[in-house]
């Protein structure tokens, strides 16, 4: 579990609830199925037009990723690579073939397999780099959906508010009972405000969804992607070094340059 | 048919209709020919100034593309290329000339023809790359029109609302019948709100058009373009490999790197 | 005449006029010399600070360009280049010197002259490319003025509205005649609305100028620039090919790759 | 004196004053020391946090630059360089040492000095290019301050308006004298409007400062920077050519390519 | 202590307080624990979702950095490097090993150590450049947090205002006592305004936090990062030059090119 995400979400919702109660509001004033339909429905419809169905289905996988704890064991990975490098230097690259099934990380395993089969170093790098770019592209596409939703949410919130205001104004003018003077003014004004309050709920939902859900999740995905790509970059450099038969100690030193970074930026 | 687009559009319209009805509104309150003229007319006029007539005529082709189902048969294309590569390796590049008419994809056919006539590999790549860049430029230009329209729509929505408010305010002050006191206030207020409701309809249209139509369609075009360009990139790499007389198995392996990506990002 | 621009502008103005009349408004409600002074004067003042006087004077040339019909005769240009290439191949590059005065296009003429005098191919390309970059920079600077004006216009529209509101509110409170009760409320309210209507006219002007004039013209300039640069790119590649004494047929084939693009994106 | 800047500023201020007077406003309605403190003070405070003290002190130099007339004597500079090139070609590069004190432009003088001492052409270019990049970076930093201030100004304008509204609303409710009915409504409403008018003045200042002062000055600095860098680029290319002992006529021709650009974009 | 930051912050807060008092407001009207909870709580929650816990903990270090005085002793650093270069030229690179513990700057010390162990110049540059990029990436990540917070703050300010308005409107309509006519109108209106004033406080906080705290601090971090990276760039070039056994005088001259820049942009 990624506690930051969970705690942040819980805290965010709690803070809004506390804010409502402390301001003397009732929670049910902020519940409106209609508003949910307009805002969430609008965001989902626009997203469906914007993205192929498959990409939207992939959202659930992406979301699960957001809540998974992020352990990027840079040092463990480097130890692993150095072990492989030692064996390769002693017994030759081909000796690694037997160990392939024991390598957990898919990227490392496929990389070692490629290194065994590919003679030319520059081609090996090209292949691995292409694979890495593909992963980065996929990550960016995942983040992009959330940024799109973060821009749709306040727009449909505003749409709902305009919609509510139009209805309120039409209701008001069509229901105006002119025969009865002062009473009318007070009650009508009260009805007016109540309608406006209802209309504003969609804006409330839109701003909340965009700034508490979609934008931060998009930001977290970006962060996770940077960490994962850095880990994969270490693996890539490691595989290239093993392929070039560099000395294991040198490989470790080189890969540790990345780690000092990851430690500092967490 | 691209069901995502169709379902998204239908859902989007339905949701707004449901939202209106459930909020106690009448649908005809949201119909105003005048507002349609201002918002859609304004968007179309600005687009006509912005783009040459030919580009706007091309919009219909682009729109048809948005609703067409997107089948990018990466694996079939690779099979196809590998078949051609096998024949070329056995019977020589020139033997492909007879098969040209049977190749469906225009890009692949032209590419093979170029490969037959061009000796130099780097020139072949340059030509194909130029063609690909041209296609990408055309795609970007198509997406851009929708993004421009998505920025014009809320602007003309707002223009219409300001226009409506100015008329309402002038109507109000010029029609004020001051001799008759309280009655006046209630009725005038009701007229005021009704005018404001009418004025807001253009904002409603502008926000709806931008966020439910123009922006998502621009986004979908971007998505489709990425997929089509990836397919064409596979073809490009395949043609270069055939021209370089690489082994068909190697060609397949190489091209499959692209496919693993396309599968994952859908 | 560029009919798109003219029709777009006429349609845009007509639509707004129709919108006003159909909404029951009077056209003169939307005329306010004062508002024109504030919005247009503000935009021009800011532009004068922003740009050197010479650049603003150049605006008239740029505007004339926007209304000129855009005929980019790619195929005629290529025919022309191929003719020159044929002669050059038969009689030598120096033989072209006599024909220089008959070449209409300045860029082509200067380019051929350079090709005659310059031995080294890479230097020729560098010179022509520098010239092309200069033209592109000039185009971008021209578009930028319109984008700046498009951002100033709504800002000064808003400034004028705030200015009008401040005046209205001060007028109101300083003119409040408190001795006379109900009459006052109705009349004051009517005066208030009338003042607000007046204040909104600058917003109306600002939004209209930005979205119907400045932004679309900036967009059209971008489009025209792309077309002109593509034509000049064809000429550049043609001159380089002539200089390299390539076969005229090959030159035609190569240059036609650009044309297929221009045809498709119009 | 840069007349564009001065005329633009005077015109901008005059237009606003004319707008106020013609709308029936009093100029002193738009003067509020308090609002100036909030908007200008806020902008300056934020800028002080944002930038080191030295950079803000440098603002005065930058501002002086904005008002200085911009004479970029491209052709004179080229003549100058060609003269130096002729002497260098006749008497050798070392002969230039004696003339160094007579060269006015610091950049040209330092460049020639470097050219005399540095044997290797690529190192000479690297040094000059680094110097040029440094100048460009300094220019961008200067422009950036104005863009920051242009974004702070409307923000603090809005802050002041919100602040004013909060005070007005609290004043109103705490001062409500409920015993006295209709009189109250009219007077309170008048007080309300007066308070709102006062609150809006900060928005007025913020929008004015951003769009009439900060943004256009930032734009002008960008323009001036482009011109100065182009002049320095000519000098750079000239020094490299002198160092390479190219023929003075060729140097002139080459450098004139830049000039044709500068003439056209003014 | 960085006096610019401290003075700016104090001035910013003072100016707002002066503005409130001079406008006839009470400071406690601007204090609302509830509003602080919503705005600051919302910003922190969103940041917690957006960033891993470690990154947020790192904020305190970053903030301390903002308040630390910035002394970038370019010339002292260059003197230092030139001393090291002299010794290295006289006694050989290996002789520097003994002095390593006396070098204060971590980056310089590690760099010299690397220079001693690494034969190949290009690899040395790659390593140092990678380290520099890592530092730059970390800086950018630190600035980014503040930019995110600067975008969340006004959003949650607006959310709080919408929330307050909804509560006010519901309170109003649910508490409307219709039996009692005119009294009601005046009092209700006063209650309405008071509620609106309260609702606006979150907007006030959001705008203040974004424009007086988060944005300027993000800007200052950017500035400090540029200075630190320039210093580290000088060190990098110095180490490379020492490794290449260039003449100390030449090294000084080269490194001083950077200094002239730093002096000018402060």
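All chains are identified by letter, namely A, B, C, D and E, in their written order; residue positions are counted from 1 within each chain.
The criterion applied here is as follows: a residue touches a chain if its C-beta (ideal position, glycine included) is under 8 Å from a C-beta of that chain, and two chains touch if they have at least 3 such contacts.
Worth saying up front: this structure is predicted, and the values here are computed from it rather than measured.
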| item | value |
| --- | --- |
| Mean-CA-position distance for chain E and chain D (Å) | 24 |
| Distance between chain centroids, defined by C-alpha means - chain B, chain D (Å) | 40 |
| Shared-contact residues (touching 2 or more other chains) in chain E | 182, 185 |
| Chain-level touch network, classified as line, ring, star, complete or other | ring |
| Complete ring sequence of chains beginning with chain B, oriented so that chain C follows | B, C, D, E, A |
| Chain B residues touching chain C - in the complex, by the definition given at the top | 33-34, 37-38, 41-42, 44-58, 127, 130-131, 134, 137-138, 141, 148, 151-152, 155-156, 158-160, 162-173, 176, 178, 181-182, 184-185, 188, 192, 198 |
| List of chain E residues in touch with chain D within their complex | 2-5, 7-9, 11-12, 15-16, 18-20, 22-26, 29-30, 70, 182-183, 185-187, 189-191, 193-194, 196-197, 200-201, 203-204, 207-208, 210-212, 215-217, 219-220, 223, 254, 257-258, 260-261, 264-266 |
